[in-house]
Structures are given as structure tokens and as C-alpha cells.
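What follows is one structure encoded as C-alpha cells, with my remarks underneath.
Per-chain residue numbering starts at 1, and chain names A, B, C, D, E and F are given in the order in which the chains are listed.
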Amino acid sequence: MNPSNTNILKQTIDSLSNLSQHPALFRLHCPSVKLPSVPALQEIIQLTRSLIFPGYYSSFSLNTETIAYHIGTSLERLSQLLAEQIEAGLCFECSTPQGCPGCHSSRRAKHYAEQVIAQLPTLRDLLATDVEAAYMGDPAAHSHAEVIACYPAIKALTCYRLAHELHLLGVPLIPRIITEMAHSETGIDIHPAAKIGPYFTIDHGTGVVIGATCIIGAHVKLYQGVTLGAKSFPLDEAGNPIKNIPRHPILEDGVIVYSNATILGRITIGKEAVIGANVWITHDIAAGSKVLFGGK
Amino acid sequence: MNPSNTNILKQTIDSLSNLSQHPALFRLHCPSVKLPSVPALQEIIQLTRSLIFPGYYSSFSLNTETIAYHIGTSLERLSQLLAEQIEAGLCFECSTPQGCPGCHSSRRAKHYAEQVIAQLPTLRDLLATDVEAAYMGDPAAHSHAEVIACYPAIKALTCYRLAHELHLLGVPLIPRIITEMAHSETGIDIHPAAKIGPYFTIDHGTGVVIGATCIIGAHVKLYQGVTLGAKSFPLDEAGNPIKNIPRHPILEDGVIVYSNATILGRITIGKEAVIGANVWITHDIAAGSKVLFGGK
Amino acid sequence: MNPSNTNILKQTIDSLSNLSQHPALFRLHCPSVKLPSVPALQEIIQLTRSLIFPGYYSSFSLNTETIAYHIGTSLERLSQLLAEQIEAGLCFECSTPQGCPGCHSSRRAKHYAEQVIAQLPTLRDLLATDVEAAYMGDPAAHSHAEVIACYPAIKALTCYRLAHELHLLGVPLIPRIITEMAHSETGIDIHPAAKIGPYFTIDHGTGVVIGATCIIGAHVKLYQGVTLGAKSFPLDEAGNPIKNIPRHPILEDGVIVYSNATILGRITIGKEAVIGANVWITHDIAAGSKVLFGGK
Amino acid sequence: MNPSNTNILKQTIDSLSNLSQHPALFRLHCPSVKLPSVPALQEIIQLTRSLIFPGYYSSFSLNTETIAYHIGTSLERLSQLLAEQIEAGLCFECSTPQGCPGCHSSRRAKHYAEQVIAQLPTLRDLLATDVEAAYMGDPAAHSHAEVIACYPAIKALTCYRLAHELHLLGVPLIPRIITEMAHSETGIDIHPAAKIGPYFTIDHGTGVVIGATCIIGAHVKLYQGVTLGAKSFPLDEAGNPIKNIPRHPILEDGVIVYSNATILGRITIGKEAVIGANVWITHDIAAGSKVLFGGK
Amino acid sequence: MNPSNTNILKQTIDSLSNLSQHPALFRLHCPSVKLPSVPALQEIIQLTRSLIFPGYYSSFSLNTETIAYHIGTSLERLSQLLAEQIEAGLCFECSTPQGCPGCHSSRRAKHYAEQVIAQLPTLRDLLATDVEAAYMGDPAAHSHAEVIACYPAIKALTCYRLAHELHLLGVPLIPRIITEMAHSETGIDIHPAAKIGPYFTIDHGTGVVIGATCIIGAHVKLYQGVTLGAKSFPLDEAGNPIKNIPRHPILEDGVIVYSNATILGRITIGKEAVIGANVWITHDIAAGSKVLFGGK
Amino acid sequence: MNPSNTNILKQTIDSLSNLSQHPALFRLHCPSVKLPSVPALQEIIQLTRSLIFPGYYSSFSLNTETIAYHIGTSLERLSQLLAEQIEAGLCFECSTPQGCPGCHSSRRAKHYAEQVIAQLPTLRDLLATDVEAAYMGDPAAHSHAEVIACYPAIKALTCYRLAHELHLLGVPLIPRIITEMAHSETGIDIHPAAKIGPYFTIDHGTGVVIGATCIIGAHVKLYQGVTLGAKSFPLDEAGNPIKNIPRHPILEDGVIVYSNATILGRITIGKEAVIGANVWITHDIAAGSKVLFGGK
């Protein structure tokens, strides 16, 4: 490296090491805290899939005599990784980066991890309904096996249903990273705060967006490119968007939304309504309707 | 781990180890059978790309004297991996999970792998036409090199054309996993059963869906977000969707479909017709037409 | 491997080793040149993110006393990787694959890498405005931290803004591979030649396409599925598309484009205009307009 | 690569690919057979150590409630790896490299693996006596923990005792590779055919050699550099060494041999005899003797 | 897996999971404690070597302008790893495996790690004398570079001198594991409690043993196979060896010991004495003597 | 990290970054030069073993039709790695660390690598004789296969014979690192400058030392712990050891040396002499003698 190059390098190091210019870009944190870890979260997703769908995403075989050993090992590992990442999430939003003397994050994180573990059988029951819905809804599916092994909807929903549990417990950041990892993998973006009933499916999936305050009933089916979004959002006096106002659609039981349709705002799509491809909806739709042209 | 935590862990292990509740979520299989392996399939895709486009996706250099050694080593490895994964696919859909005494899956798998290997030069001829079509169809492309190295369409089509060969041989599950891996990587979802002619290209690609019974001619070009889907599908007496009915569009030679257009049902888009962006088509389009507004 | 299998293997090896049939699929190159490396480019992206957003994408902690060591090590590594990959790009498009006696690619590559390094603080300033825009534009965002850690727009824009610097220096191929890697990760496809002002954001992102000759002002916001594309392109006398003609839209300051809208051709969307979801625009839009229905 | 270099390369490839010149250097084998795998054997050693000494060589914690899951998973993995490597050993010495129609190696290998698994608790009992002997014999040892975690004798004996079981079953090659791996790690070379009683220890260990027909009683202690070797060996009529003749020493209970002593031939070192450092012994030593000078 | 096999597996799992039979083989420990980690200790050794001998064991280049960044990053990493492993050592010997409410191991570990860090420049001064001694003592050495890059003595002494610092601080277990890792790599076994002066070298090295209570002066040189051991050791009333009694030799300044010599007991080898190969010494040797025959 | 810790860290960084105190510990080098790489040298050893003994150390099978592809790929890789490491060796001893304008190291390195490649068939012929000697000399060997797969002598001799070729070409440092890697793996230390004839074997091996100026004939056999060393060495006027003086033994054809014998100085052990275990020899031994007691 020649002198001029070294000079540029040193100037750039000085400039980038100056944290004071961009306080929003840095996150000072307790010296003892682990940062959220993408590889750890990927292992959490992989373990969850292998526990819910053993024989598909797992590397162990399904000998009925010995499966409990594998489930046990995987579950203890999942429990430990969840506790660490939940703690990382709790500390990431902590406002005392110098460390609080009476910090209880570690104990809270273990408690939350336990609660997620205890919910796994229920998550499995729900995901079994999603598999059934995908199989029934696609003539190209040859078997439940194909649905579980291939369909992006099952991958995205496994992440969402896990992230939703973490969201309900109040874990910051981590649920959102998990659903964004599924978004990157599948093109399906489901906010962890959305509420979604059983027998839900998304065909093909790429480009689907489901906003944070959506409420979706049972037996709902979406196609690729569907947006369930917000129409607009009010600002507070400081000009910041007001958080937590219901602003995304409600889809009642049995609704079907075809590809690239856009449904915006806190409106209700009534029971068993069918929304056609590429339409644009910003007002309530009555139960049982078929909507082929949207209005703006 | 404290006692209560241990307790929750053990209860969850018992519950998740109980395979009888959710038979569709489990796949019992012969003790001697390997499961389909995502890393092995990724290596298959990587090897296929490096054999078709040496110097782009391969790590070896293109010395004309020594290239045959690299092609030879890669091809023998590809042959072995294909045989293993094809066998995994055959056994995955086998109905006798306790193992059949006269199981011929291994021999059949080797035979199928050979046939795929023998088709690779033909696949290369086809993919060369796809590269040409992408280069000619995009003023932003500086060279064939850029098309091969960067364009998602080439990545997705290499997977599709390989998977289609496996599909034609009747290999279960594996072709679908391969095209879903390309779907995750590129946002382009092509069912391995679709039939696609030479000089095919997809610009940008994200959100494209090409259904299982599509038939696409030569010199066809799609843009991002295009759906070639089914309009509806009949159920059999048991309420299950009837498989294998032609239900997706036919696109004749020279058709162009602009971004986010949706074409549904077993209809025919005639030779050199042009379909505009965001339109919705459910009926035949005459050859040479330009369609800017869809009908519903 | 039995004899017939060996035979097929050898025939296929011979056929695939014959480079003369498909000259466009092969890239002969200097024996001393490294090929562009996807893992190296992934490390470049990872290092850039960790230098711009330390504490989010980096594995080191933000001790203010020691951060300069980490910045220094990462920057020197980035500098070296950039020089290697820039050289690979320069040589990839070189027309003398047998090697040129007076090749200056290595020296030019080091010089270009230095210039990119020197621009990093400026890139950080720009990306800080993008983070601010994303936070202000999304009521679901709880903190700047969440935006930086999760939002695909920040991931795609970090790649684009780095690739744009490389494009401005005239580096071939490498900028395009970088933006395609972000495309694969996020579903957002921004051509490195596009010009994009500060405070730019893309909500959700999947399916967004921004063409090579786009010019985007400050404070512009796009939603998922938006295309800023070309309407058509003239061919030269040989029938090849003419390169470098302005053919994509200009979006002035403050424009908002809702989901799945398609804007085509060298048209201008005036200051603070709002384009509704799913519309199709091919002509200029006046400043301040709200467009809910497109025309074709 | 220039032409002359390519030429040398090709000539060398031709020469090295010619297998007929050196039949002893090549091992033709069934196409369906796996070769012995050093990484698999390393994992076998690692698993055995973690099962015998959990909490020392394992990565899992010793929660008494959940340890059975870890033991179960590790043991099933060990069982599978053993079966594969035993089969590789059986086939390696097979004289019909073209494959035998009625080959039972796979079944035999599984049966042998089972028998090794069933012996593990007995191996643990034996190794517990070795740990006790090392702790009692070394004033520098602070705890049993230190012995288990650090002492090369324990590492080498775990390998030897496992390899001896494989040897007793008649498995070719594999036991020898395992003890040579321990030899490389510790400098202690114990032939898997040697017979060694309980409470055996080797202090420091480097340079110890224990030959194939040695018989060692209980409570024997060796120091570094000790050889228990053969004095000479008869040749058969063809001039080949005659196999399986007893030719190494017998050490009765309680013998101690100090560093660098050399004991050669089928002689007996009587009960509780002490052999001094650096001596050379080729004849029987009476029980209870102290030998400070060897004879030649 | 057939039923009988499964049965054997389950019985073995039950037997091995029963921790009560072999309390010495198990180490119950606090649930929150990390176990000592061989990979972490290997990284500690690698970092120490790269900090003491940059440009030999490090991967970074020796640009004098930027070296401080690399030293800084490596040192911070070393500091963190040392703290973790020291804590693992402290907890490994803790007698309250259920966890002590007021455990200060973590704080003590950080404090000890700091003290080791502060000693590194002094360790470097000492190791520079060892390099000088090896270079001066071997006509086969072409350069200091060759000594540093190749000689096992330098590898073993770097580990010993680091482990000795940890021993002086009272850290249990960890120093011993570090010197045993060097023993496995080089065949040189130096107990971390031994005291060794500057300008120490060991030629070739394999089979050298230096006991826990040895005291070695300056400018001492050993050859391969030398033992500095204990002659015998007294037992306490319970029959256990009494710890910490001086029982190994003292070698004064300038002593040379040739290959395979054995020196036993708390004796003194006087200044500049020379001990011949293969001799056996159990009594004091006067300064300046040359001993070619040992006595027993 | 608290302030005092940070302070210690920074002081230590400053001290260790100060390269001027210990010039011998640092190696300034051309900015463009790669350092010798232990992982690359390990791959060189692994490739050499797999080319000489295919089916033992290689992962590919011995199909006679396809083996040339594997040999070709491995050999081209070996050729490239050798060129890089030879260049690293040449530059490591270069006296102009700022880079020489007309540096020809890269060209010389490629030329040397070619010459090593061209010697590989001859190395194989030699190593075949070593395998034969080991098999004939050990009644415990069941097959040539066992010798090749397990015996440390074969591992060490493959490294030595490769390193000796590099030494003859005048490559600095690299041959020594290769033989030290074999030393660490096997406990056998052969200087690359030693001259060793065909049919050479070392039984067990640990602790064997063969000095730089040794000359060993055909059909020589050593046992573990044998030293072929220097007796003393003259110093030049500056007190440095004089290099390159013959100072190690000559062993004529058919000599056998039993375990732990020490042979020192430029003496000659005559044809078919036998040297007993643990003896010490410093003068010529007549052909055909049997020496059971050494003299000092």
C-alpha cells in the first residue's frame, strides 16, 4: 500500500469512527450484551421447521422408537437460542446503554423462551391446517409432502406464526427480523403483529404484503402480489406517524384475493367475498361479493 | 435449567414426539433411504451452471487444454448427486415406508441420472438461445457476459430446464424443490411441468408465475410481475381439486407480456400479440393484437 | 459405474468441453486473472454494511475507545477486496484474453478502490437520510434501529449506493452483480446507473424495478411492485437495441408512487405528485397531481 | 498456463493415471462402496469420548433431566457412523473389487456396530479405572477432571479400547486407522490387537510403543518413550514375515516401566517388577525385581 | 433400524445416562456456565502467536501505518476469549455445581484476562530470546524467520509462557489444557508450573518432558527425548500422592542436555554442565562437568 | 469494557505495534506478496498423497475410465498451489521488502512448480519402494493397503520426498515448513536436505530425527526414537554456527537401527550393520557389525 493510499485509508477510518455525527446509525449497548445474531436466528427457524415437520426439514430419520431423543436435543437447543436472542432483543431497545445495575433481561428472556416452547404443539396444530389449505387449494400439488417440502407459503407462515408468539410476549425487534428473513426467502412480507386464523394459504406468494394491524379469519386464500396495506396515516403534532392505529384491512372467513390485488385501509372484506386480480379496493366489501373492478 | 423449565421442555418433547396426531406432517420412510437434501440440490444447481457456463459460475479457468479434466470431474460428481437425489425423490413418494424387498429405486435413479446427463448438451443449446434473447431484449445489457453473470432469468431458466428434464422422466418432488429454490433466489416461479420454447426471456423477473400446464412458444418475452395462471379449477366428487387438467394459458411464438399483467385460464395468446402492463386477460387474444386494457 | 454409464459420461464430457460451438457462453481470459467472485462480493457488501451501520451488521461492539481498530481492520480488508474485484471486472470485459503485455488493470483497480473508500463517509451521510425517510414514512417502525436492522430498502439502497459509485468510475460488470445480489435478497432491482437523491425510501420493496436511466429527486417514496421502466427502445441498423438512450422516468422531489404502479418511458412525474396503486402511466404528470387511474 | 507447462501437466496426468505400473498403490473396489473416511472416524472418536466423559468432551450440559436426549442422539449417530466405517473396512479387504452378487458386508457391518454399541458401558467401566490410575499416579494432577480433560493417556486409551473391540470382531483396517489417529494426536502407539487390563496408565506418553501381541495385566504404569516391541521375527519360505506369532512382552500386574526403557521379545516381566529408565531388556524379569541396567 | 437394534440402543442409552455409577467421570456444573472450549483455546493460541510474531502466524500484512488496527482488533478478541475461558476454568473446579448466589467468577476472570494482556509485551521480550537461542544453536537454521515459522520449540514455548502466566494467577485447568495442546502439536510436554529462564531452546523437541517443579536457568538447551522428571513421590496417609513437593531437577544457566537423557528427582545440574545422550542421572552434577555415562 | 481495562488494552496495543524493538520478530515484505499459508501447504500435502495413492487419501473412486479427470483436476490445482507457495517462499527471504522493480519471483516460482510436477511419477516410484519395505519389515502389517492407509512412515516420507525436491530447486522455507508439518503429525523429523535412498522405512516412528547432512542408502530401516544427529559444530569468527558443514551420519545400504539409538557426527555406519536399541554411537561402524553397546 503506497503512502497516498494509506493516507486515504486513515482519513476514512477517522471519519467513520466518529460516531457523534450520526447518532441514529449507532446503537450503544451494555458491554455484556450480545447483539441479535442472524445465524442464530436462522438456526432458530431451521430448528422450528424441523420440530414441526420432522422428516422434511430435519436431518434425522423418523424411527418411532428414537425420535424423542432428536426432538429432545433439538428442543433444548432451540430453547437456549431463543433465550439468547430474546435477551438480545430486550437489550437492543434498552435506553441505558451503560448497563443497568438491576437488569432482569436475562431472566425475562428465559421466561419468554419457555412460553414459546410451550406453544409449539399449538403452532403445529395451526400449521397443519395451513398445509391442508395449501394442498386443497392447488391442483398442481401431488401430496401433502410436496406442500411441506416446497411451498413458500408454508415457509413464510412457520416464521410468521413463531414471530407472532414472540410479538405477543412483547419481545422487541426479534420477531420483525424473523419475518424479514422469511420475506427475503419467499417474497412474502407478513408483519408479526398481524392476526391470521387457521387454514390460511398464499399461492406462489412473491410480492404479498400483510400489514401490522390486519385481521384475517379462517380459510382465507391469497395469491401472489396481493397487498393488504394502509391507505394513509395521521401524523402527530411533531409530524411523526402515530403508531398503533388500526389501518389495515380485515378479511373475514373464506375470503379469496387474486393476484396483484391491492386492498388498502381499515376496511372489511366480508365473509367469502372474492376479490379479482389487479383490482384496487379502499372500501368495505359485502360478504359473498365478487369484485372484478376496483374503485379509487 | 430450573425444574419448571425442565418440566415444560419434557412435556413439549412428549407432545411433539407423538406422531400419530398429524399423520400428514410426517413422512415415514425406509430406514435405508436418504432424505432429499437441500445442500445436495444446491450443489446440483451450481454444478449444472458451471458446466453450461464455464468461466462464469465455475471456479476453474478456461484453459482449452485442461478444461476437459474439470468438465469430467464436475460431471461425474453431478451424475452421482443426481442419482442420490432422484432416488430420494422416488422413495419419498413410496407407499411402503417399511421398505420393499424388491425395491428398484436405486437402479432406476441411476438410469434417470444418466439420461439427464446425456441431455446436458441439448440443455446448453437451449440456454444459449435464452441468453441471446435476453441480450437482444435489453438495451441495458452491455454484453452476453453480463447477461450470463447477472440476469435472474438465466438463473431461473437453468433450474427450470434441468427440472423439466427430471419431470419428463417422472421423478417426484425433486424437480419442484429445484424450481422453488430458483423461485426463492430470483422471485421467478416456473412450474417444472410447463413447456417453454427456445429464445425465452423474462426481464427483471420478480413476481413472475408460470403455471404447470402452460405452453410457451419460441421468442416469447415476459416482464416482472406477470402471472400465467389458472382461472378456476373443478373439484372431484370428494371435493379434491382434479389434477392434470389443462388450466393455464398457451402463449404462441413472439408474444410479449408487459409487467404485472395477469393472464388466466386455458386461453391462447396468438402469435406476436403484445399484452400491456397491469392488464387482466381471461379470454383468447388474436395473433398480432396489442392489448392495453384487460377485461374481467 | 457400469460401462454404458461411463460411455454416456465420456460423450457428454467431450461435447461440453467443445467450446467452439457456443462462443458467447464462454469467456476466455488471461491466465493470470481472477474471476469475479460471489463470496468476495458478499463479503464486500457485508463489510460496507458493518462500516456504515456499526453495531447492527457488525460483530464487534461499540466501545468508543476501541471502535477505530475494528473500523481500520474492516476498511483495509474492504479496500483489498474491492481492488481485487474491480480488477476482475476490468479484465472480464478485456478483449485480449491472451493477456496484454502492458496491462494496467491492477494499478487502475487499486486507484478505483481508493476512490470508493474515500467516498464511504459521503455514502453514510446519504444512507442516514434514507433511514430517516423510512422511519418517518412507516407507522409500524418502532425505532431507527428496527429500520436499519430489518428493512429491505436499507439493504438494497446500501448495495445500490455502493454500486453506483463503482458505476460512476466506469467499473464493468461488478456494480451490476452487486445490485443483482441485493435484488435476490430483497426483490428490489435498482440498476446501478440510476440516479437517486437523498431521503429515498421503498416500503416493503418486493417487485420494485428502477431502470438504468431513471432520475429520482429527494424525498421520493415508492411502495412494493412499482416499475420505473422503459416503454420501448429503438434498434440500430443491425437490429441491436441502441444503448444509453434516456428511456426511463424522471421523478421529481417528493413524489410518492403506490404499490404495483407502472411508470414507463422518459416522462417526468412532477414535484410532490402522487401516483395511485396499480395504475399505468406513460406520459408526464404535473407537479402536485394525484393520479388514481392510468391511461394507456 | 503456457504451452510447455500444459505439456508437462498432460504428460504427468497420463503417467499418474496409469494404474498398471504400481498395483500395490491402488485399491480397486466395488463401485457402490464408500472408502474409509478420516473425518467420519474423527467424529466416531469424538462421539465416543463425549458419551464416556459427558461434560468434558461434549458440548451439551449435564442437566440430569435432559441428558438422555443428548446421549440418545449421539449414540444413534455413532451407531450409524460405525456401521458405515465397518462396512468400508470389510470392503477394503475384499478380493472381488468388481462387486460380489451376494455381498453381505452391509448387514454384517450393522451387526458389528450393534455389538460395539452394546459394549460401551463396559468400556466406560474400564476407562474409569484408567482415570483412577492416572490420578493416583501423578502428584501433579489436581483432580480427576484434569486427568480426563488433559491427559494424553486417556485420549489414547479411549481410542485403543474402542479399536480393540473392533479388532475382536474381526473388522479389518478400521481399528488400525483409529489407533494411528490417537498415535498422531498423542505420540502413543498402541496396536489394537494388544491386550491391556484395567487401571492402566501412561505418564506423559510421547514415544510409547505397545506391539500387537503384548499382554498387559492390571495396575501397570508406563512412562514416556517406553517400547514394548519384538526382538526379531521369522520369515516364511517366500521371505515374507510370518504373521500372528507371539513376539511382544507380557507385563504382569503392577509392573512399572520408567521412561525410554526398551523391552523386546516374547518375555515376561513378573508381577510388580520395576524397570528403570533407558534400560534395554530382552529376557524374563522375576516378579518384584528392580532392574536399573539392561543387558544385551 | 430393526427392533433388536433399537432395543440395544435404548438399553445402552439408559446405561450411559445413569450418571450415578461413575461420579468421577461427570462434572455437574452451574447451568449458566460455559465449558472450557478447545476451539476457543486454539484461537487463543493462534491470536497470541500472531500478536507476538506478526507476519508469521498472522494473516495481515505488516504495513507500519495500519498494523495497529490489526493488533487492536486481535488483542480485543484475545481479551474476550481469555476472560471466557478463564471463567470456564474457575467454574470447572467450583464445588457448588448448583450455582452460587454470589458467584464472582466472571469479574475475577475479566481481571485475570487484563493481567495476562498487560504481560504480553514482556512475553514477547522473553520469546525473542528463545528465538535467538534457537537460531544460534542450530547450524541448519538459515534465518530467524525459519526459526519462527517452523521450529516446534517456538510453538511449544509460546504456549508454555502464556500458560505459565495463567498458572501464576491461579487459573485452574486452562493452563494445563493449553500446554497439552502444544504437547499434541509438538511432542514437547512442559508443565505450566515449571519455571524457565530466557534464551531457552529445545532442538527437534519430540519426547521432551519438563515436570511441574523444574527450575531452568538462562541459556539452557535441551535435545529431543530429554526427560526432566520425578524419581518417586511420597504418599500421604490415605495413599494419595502428596501434591506440590519439589521433585523435579534444577538446571542452572548454560546447561546442555543431549537427546534421550533422563534426569530425575530434585537434583541440581550445575552451571554449564553438559549431559550426554541417553544417560540417566539421579544425583547432582557439578558446574562445568561433562557427563557421558549416567549412574543408577 | 470498563475504563481501566480499555487503558491496559490501548497501552498493550501501542507496545505490540512498535515494531522497532524486535526487528528479528517481524518480517517486512513487499505489499503485493502473499505470506506462506499453512492451509495451502496442507492442501498441497493432501493433493500429493491423493495423486500418489489414489483410493487411499483421495475422495474419488478408482474407475479406470474416469480416473484421468480426477488426476487432471487435482494436478492442475496442485500446480497452482505449488507456484503460489514457492513464490511466497522466494519472497520471504528477499532482502528488499519495499519490492524490487524487476522481481522475477512469480516466473521462477511457476518454473519450479512445473519441475516438481514433472518429478511426481518418479516420487511415486520411490514411495512404492518405501511401501514395500514397510510391508516386508512388519509382521503386524496385513496388507500393503494397511501400510499406505495407516503407517506414519509413509505419511512422513511422502512429505519428505516432496520437500526434498523443493529443497534441490533452492526454494527457501517452504520445504522446512512441509517437513515440520509431517513432524507434528507423525513425530518423525526429517530435514528436507537429507539424502535418502529407496526402500526406506521407519517403524512406529515417533521421536525419529534425521539431520540435514545425513546420507542414507537403500533398504535402511529405523525404529522409533532414533537420532541421526550432529555431535558438535564449529562457530565462525563472529560466534555464529558455520552452515553447510557435513556433520550428520552416513548409513550405507541395509543398515538397521533399533529404537532410541543415538548416532552422532559425520561417521559412517557400514553396509548391513545393525545398531541396537538405546545405544550411543559417535564413531564409524564396520559393515556387517552388530553393535549392542555404544561408546562415549
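We adopt the following convention: a residue touches a chain if its C-beta (ideal position, glycine included) is under 8 Å from a C-beta of that chain, and two chains touch if they have at least 3 such contacts.
Predicted, not measured: the structure shown is a model, and the values here were computed from it.
Path length between subunit B and subunit C in the chain contact graph, taken as the least number of steps between touching chains: 1. Both copies, subunit A and subunit B, contribute mostly unmatched positions to the interface they share, with under half of the numbers common to the two.
Rounded to a whole number, the gap between the C-alpha centres of subunit A and subunit C is 26 angstrom. Per-chain CA centroids place subunit A at a distance of 57 Å from subunit F. Chain centres here are Cα averages; for subunit A and subunit E they lie 50 Å apart. Multi-chain contact residues of subunit D (touching two or more other chains) are listed as 1, 9, 13, 31, 63, 66, 68-69, 71-72, 76, 187, 206-207, 225, 260, 278.
Interface of subunit F with subunit E (complex): residues 4-5, 8-9, 11-17, 19, 22, 24-29, 31, 35-36, 92-93, 172-173, 176-177, 180, 183-184, 187, 189, 191, 193, 206-207, 209, 211-212, 225, 227, 229-230, 233, 239-245, 247, 260, 262, 264, 278-280, 294, 296.
Here subunit D touches subunit B in the complex through residues 1, 6, 9-10, 13, 63, 65-66, 69, going by the rule given at the top. Touching subunit C in their complex are the following residues of subunit E: 60, 66, 68-73, 76. Listed in rising order, the residues of subunit D touching subunit E in the complex are 51-56, 59, 61-64, 67-68, 71-72, 75-76, 79, 110, 114, 117-118, 120-121, 124-125, 127-128, 131-132, 136-140, 142-146, 148-152, 185-187, 204, 206-207, 223-225, 258-260, 276-278, 292-293.
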